[in-house]
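Shared chain: chain A. Partners: chain B in the first complex, chain C in the second.
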Partner chain A sequence: MEKKKTMVQDIDRTIYDIKDAVHPAYQVGQGLTPEIVNEISAAKNDPEWMRLFRLKSLRTYNRLPMPTWGPPLDGLNMDEIVTYIRPNTPMRGNWAQVPEDIKNTFVRLGIPEAERKSLAGVGAQYDSEVVYHNVREEVRRQGVIYTDMESALRDPVYGPMVKKHFMKLVPPEDHKFVALHGAVWSGGSFVYVPPHVHVKIPLQSYFRLNAPGAGQFEHTLIIVSEGSSVHFIEGCSAPKYNVANLHAGCVELYVGKNAHLRYSTIENWSKNMYNLNTKRALVEEGGTIEWVSGSFGSHVSYLYPMSILKGEHSRMEFTGITFAGKGQSLDTGAKVVHAAPHTYSSINTKSISKDGGNCVYRSSVEILPQAYGCKSAVNCESLMLDDRSRSDTIPVMDIRNDDVDVGHEAKIGRISDDAVFYLMSRGISEEDAKAMIVTGFAEPIAKELPVEYAVEMNNLIKLEMEGAIG
Partner chain B sequence: MDLNFQHTNVLPARTWNRLGINDTALAEELPPAAPYTGPGPAGELPEGVAAFSGPLPAGEPETGMGHEEADFVAEHRNCGVSLKVAAGVHAKTPVFLTYRVDENSPFVVDENAVVAEEGSDVTVVVSYLGGARRGFHAGLTRLYAAKGASVRLIQVQLLGDGCLGMDNIGAAAGEGGTIHVIQAELGGRKALAGCKARLEGLRSRLSLDAIYFGDRSRSIDINYVAQHVGRKTRSDIRVSGALLDESEKTFRGTIDFVRGAKQAVGKESEFNLLFSPKVRNRTAPLILCAEEDVDGQHAASTGKIDENRLFYLMTRGLSELEAKKLIIKAQFRPVTDQIPDEKLRNAVAEYVEKRLNRL
Partner chain C sequence: MLLEVKNLKVSVDGAEILKGVDLSVNEGEVHVLMGPNGAGKSTLVNTIMGHPQYKVEEGSILFGGKDITRLPTNERAKAGLFLSFQSPEEVPGITLENFLRTSRVALTGKPVRLFAYQRELRQKMAELGMDEEYASRYLNVGFSGGEKKKSEILQMLMLNPKLAILDETDSGLDVDAVKIVSRGVEKFRNRKNSLLIITHNTKILEYLPVDRVHVLMDGKIVRTGGSSLIDEINESGFQPLAESKAV
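After this line comes the complex of A and B, so read on.
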């Protein structure tokens, strides 16, 4: 008898795929030239140092080669990408003032509702510019700054802070697409948490790319001062088009002494998106960076948040889930550099590949000679749901002293027949047993996601049972 | 003579270039090429095992170190032997091959093959010995296990501190065939080793046990690949070793499940003990998977000797040095115990013991 397959549904993209009519206030032409970069800089009223920085980054971009190790980027033609599209509205602090179509997009995504219920502040970016930014009064009174990058850049107090930190942690020389970011970046959020301030409810920035053939290059800069804590959530989505879109954002996180930053991302880009994002955290003595990352969308992703544990006893925890379906190559993972003694890192990831999707788990754990007494534990598990898909695990460990405790475990496979049999022997139907196993596989990660996203993720990988997986 | 390899021990899937682990480049000045004058096969070959000089079976398997080394050996070989085990023969005694890299013969390039015909089995022990000041050994060994056959290769490299050693293996197994490789990379200034096994036949298997030992400024560079092609194939790769002084080790270990390798199982484990703040240990354990119905696992652990174990042994009256030596020797025992020759086993034990006195 032919074995029936359990269907694991694709992510329901209806709400993400609604397109708004494109009527920007202003946009540059396709491609990448010094003239276009100058045009963006002028349109954004950059300080002169930023204009020069952009032009230098463009030269770096032209000099650097394409990556030779990840999923193919053949479908990405930079000459066809529009790097700057300004929406038809200035930034507002009140949803009522945001143009109806843009507001409706964010309403469908549940952003204003989440803001009312469970967030301390919200930023919403539409194409190249932030259209809404607001922070609760009590958080503002604590001295927390949460605003768009452009406002911070021009602010007399925070402008110098931006200049001091901007692309210092992730220099444009790092790789081709971060050099591109340096040249054409626009939008993003700036967060400053003063010393010894605990922001009890999360801040959230949502990035929406609406225009076809466009790029989004937002820059997020977060400075968490000594003894402070904050949870920052980043969400992103776009409707699907037949042309390639590009996301090359950059996130720089400075975690101060004994500070704590949790950075959660739910990435749900459309399947024509090249998501080539760069994220990095620098963690001082006793500080903690926690990354929670869900990668569901995009055609191709290169995403490996990096943590540099600079201060003694600093910590990094990474929890990630990747779900690749038809037409997707999601190359995700994490990097950590232990640069100080007694630092700790833990990486926990799960990936699910189905319907021809490719998942790659890629990581590096580096322990430098001076970083004695360090501990690192990596655990990655991959689930294959059919034999048209792929799942590769490519971790590297580089250890340069002997006083370490480094462990690595990786597993790959299908749903275990024994586990199904066991559950069935306890009176659970085969279908329910399998649903339980897949949900259980993702559960350790799902429980780390913000509640509304955890529910969404469970819906995303909802099982439609019909016979057996396998 | 100059040796110039651009890409050897290539990682089957590339990763970030800055980590320097995608492959290894090698530029060395070698001793002049000269005929090999040292020993070769020792004693008579067991019944049913014969040397041959004809072509190897079709479908030459790829090797762990890659074609640069294999091409070099093909061009410069000055010793080596191809052995055939007749169908159904169970060789009663192992075949012993010794290659000596010394002042009389500092350039040793050996090309070997073991072809086990259907239902046969054989054990071949190859040792690389000698302490030439500037010695060079490049080996290429091809292993073929036909249907139901078993080839067991034991390679022991105990070269002196002035030598560059390379041990490159390519293996293929037919239905129910078994390739068992035991590799001890213990000596040399620089040691490179690679093994790639293509598990083609139903239920074919690879068992690979390796130990390495780094001291002084030795660098060890290893690339193992188990390629699962057939259904119900099985691989077990177990690597363990110790690094002292300023030694370095790079280990790449890949389990590659090709689409169609249903119900294949691949397991890989690595255990590294570090004894000096100046060592460098790099590891890239890959699992590549294009088949749903498989079970792949990897586990690695790297660090100092467990203090509880050390403390326990010291409460039993051992000094710290004795306790450490005991732990390392115990770690090597599952591999060294498989050497079927007492003299070679003792040579390995003495070599390790002597080197550990410097702990």
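After this line comes the complex of A and C, so read on.
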């Protein structure tokens, strides 16, 4: 019998790997000094409080140790990372005005098309600055603000709002990379939804890092007022270089009383990326945060979106999928703090590792003494496609009262020969049977993604099985 | 001759399970395979279907005159073989309906006309007393034992193979379910379609004209006969057959 070798193909990265020639308008030197931080602050025309905030964050950064509990960060040399690269264009509200090469990059990624078809607003960041921001007129008329962080910071009305919330939920003291973020952050989006406004179609920000050896440190701040709802989508990609790139973004989400926020992310950084991102949501009484997270790219990822359920009857739901191929160590999961009674959390994740890829599921569920009557359900499943790949599960639960309902389920497995045989007995080829099992495994998560992203995920995972006679 | 098994010797993890089995099934015939637990019945049918765990040491399997001993399982299915599993796998993420459509396309190599297909599926499910809702459920996931067996019979009816092998499809079913399943099997049987049925419970055979009965013991067929052999076994068990073999 001829020997059949079956493989799940890697994510097709052709579109993402197209590099633009690098000709920034301005960039700082490598590494980190107070001079560089001052230079970034001056180049960005920061208010004085922000300049001081940056310098203080830099001191915190220098004081804090590197994390040692996760995947290795040896390949990341901070003295070589360029922290600020301004693209050769101001921010535009019209794609026609965005320089051709930058515009083409976003066209290839399907952003303007998605904007026309299915989005209420779009922001596009290229290296350190946002090059495009636009929101539909009807959404603007609802009083929704969706703009880049810099514009919000300088705005007479929203500037004070930014100052009040900026890095209050994720303080720079939290860990080394968020301190770094505080020092050199640039770009990102600001969203404000006034009370009792429902934004019916999603807003989307897309982050593209084109320059080799660079860092991207965008800051996303979303404030959803009482009784409002919005869906925000974040997409990320970069072409592959041989030097390490760094992404240390920060996302702060304020979900008001009875408000609803869905935050979807498709992360497809290139495999030279260190993705050390920090995301956190604070949820008031009766409010809901829903996270949908797809992690496909990066060499190393540390990503655990955290939700603080501050008000009674607040809720969080986390749905995530992680796909680690050759050379990838993706350490992902979620955190939740139940700080009020009758709060609810549900964490549902899947991971697929192949070709030596390494997936770690890491989560923490904390229920405080006063948070009685809470419910939490954690479910994580991993699928390993070969013997070289790894999968680990590290769930932590810290429960400080008796009146709770907490459940945890974990499954780690491989593609079962019997399942393949069963499908083949119905005429389906071995390759298709395996693809069916893997896509079927991912399906419950895929269907949570926005429609256009579910399509992108199919392109992304391209779980093509190819038979080769060997 | 539709199926011809010749001097088949099969091992699993180095242990010889089948020790030279000969078995032939003609077009339109109903054959029954009986034997005590551990005799090798499931090994035989899984080997006929091509499970990679079962190693053919000697002998051959011919189907429609073609040697299929080394063919991959999906090619055997395309040739017209079908196995109804004793405990069918659960496959999350793909619905029964989509799976069967994919399967039919794979078997016939032709596209499926969606509305006609859906109508046919609903109708066959109704005949088997399956709730329509099962069509949009993931393949066998969370199905009861009975629903899994019905799902197998549904697949047999939808895929319409030349030879359907039923591996204890009636075991673990209540009286009503056995009736429904055997009616399904009856519907499948015609002048061209053949059946090879493994069973311990002869209730399923009440509605079927049985052409041949084979008794498998310790990896060999020890007796082949007409349907009267079933009564003989029901009365005296397998032991006398083993002893007659020893003589």
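In the analysis below, the second predicted complex is superposed on the first by the 439 of 470 C-alpha atoms of A that agree within 3 Å, B and C clash if a C-alpha of one lies under 4 Å from a C-alpha of the other, contacts with A are read in each partner's own complex, and residues count from 1 in each chain.
Definition applied: a contact is a pair of C-beta atoms (placed from the backbone, for glycine too) under 8 Å apart; a residue touches a chain by one contact, two chains touch by 3 or more.
Keep in mind the model is a prediction, meaning the values are calculated, not measured.
In the superposed model, A:412 makes contact with chain B only, not with chain C. In the overlay built on the shared chain, the residue A:248 is in contact with neither chain B nor chain C. In the superposition on chain A, contact of A:392 is made with chain B only, not with chain C. A simple residue count on chain A separates chain B from chain C, and the partner touching more is B.
Of the two partner chains placed by the overlay, neither chain B nor chain C lies in contact with A:449. Contacts of A:424 after superposition: chain C is touched, whereas chain B is not reached. When the two complexes are overlaid on their common chain A, residue A:162 makes contact with neither chain B nor chain C. Of the two partner chains, neither chain B nor chain C is touched by A:152. Judged by the document's definition of touching, no chain A residue lies at the interface with chain B and also at the interface with chain C.
On chain A, the positions that touch chain C within their shared complex are 1, 4, 416-419, 421-430, 432-433, 436-437, 439-444.
Contact residues on chain A toward chain B in their complex (touch as defined above): 68-69, 362, 364, 369, 372, 382, 384-387, 389-414, 470. The part of chain C that touches chain A in the complex is made up of residues 49-53, 70, 72-74, 76-78, 82-83, 85, 88-89, 91-94, 99-100, 102-104, 106-107, 138, 155, 159. Per the touch definition, chain B reaches chain A in the complex via residues 13-17, 19, 21-22, 243, 257, 259-260, 274-304.
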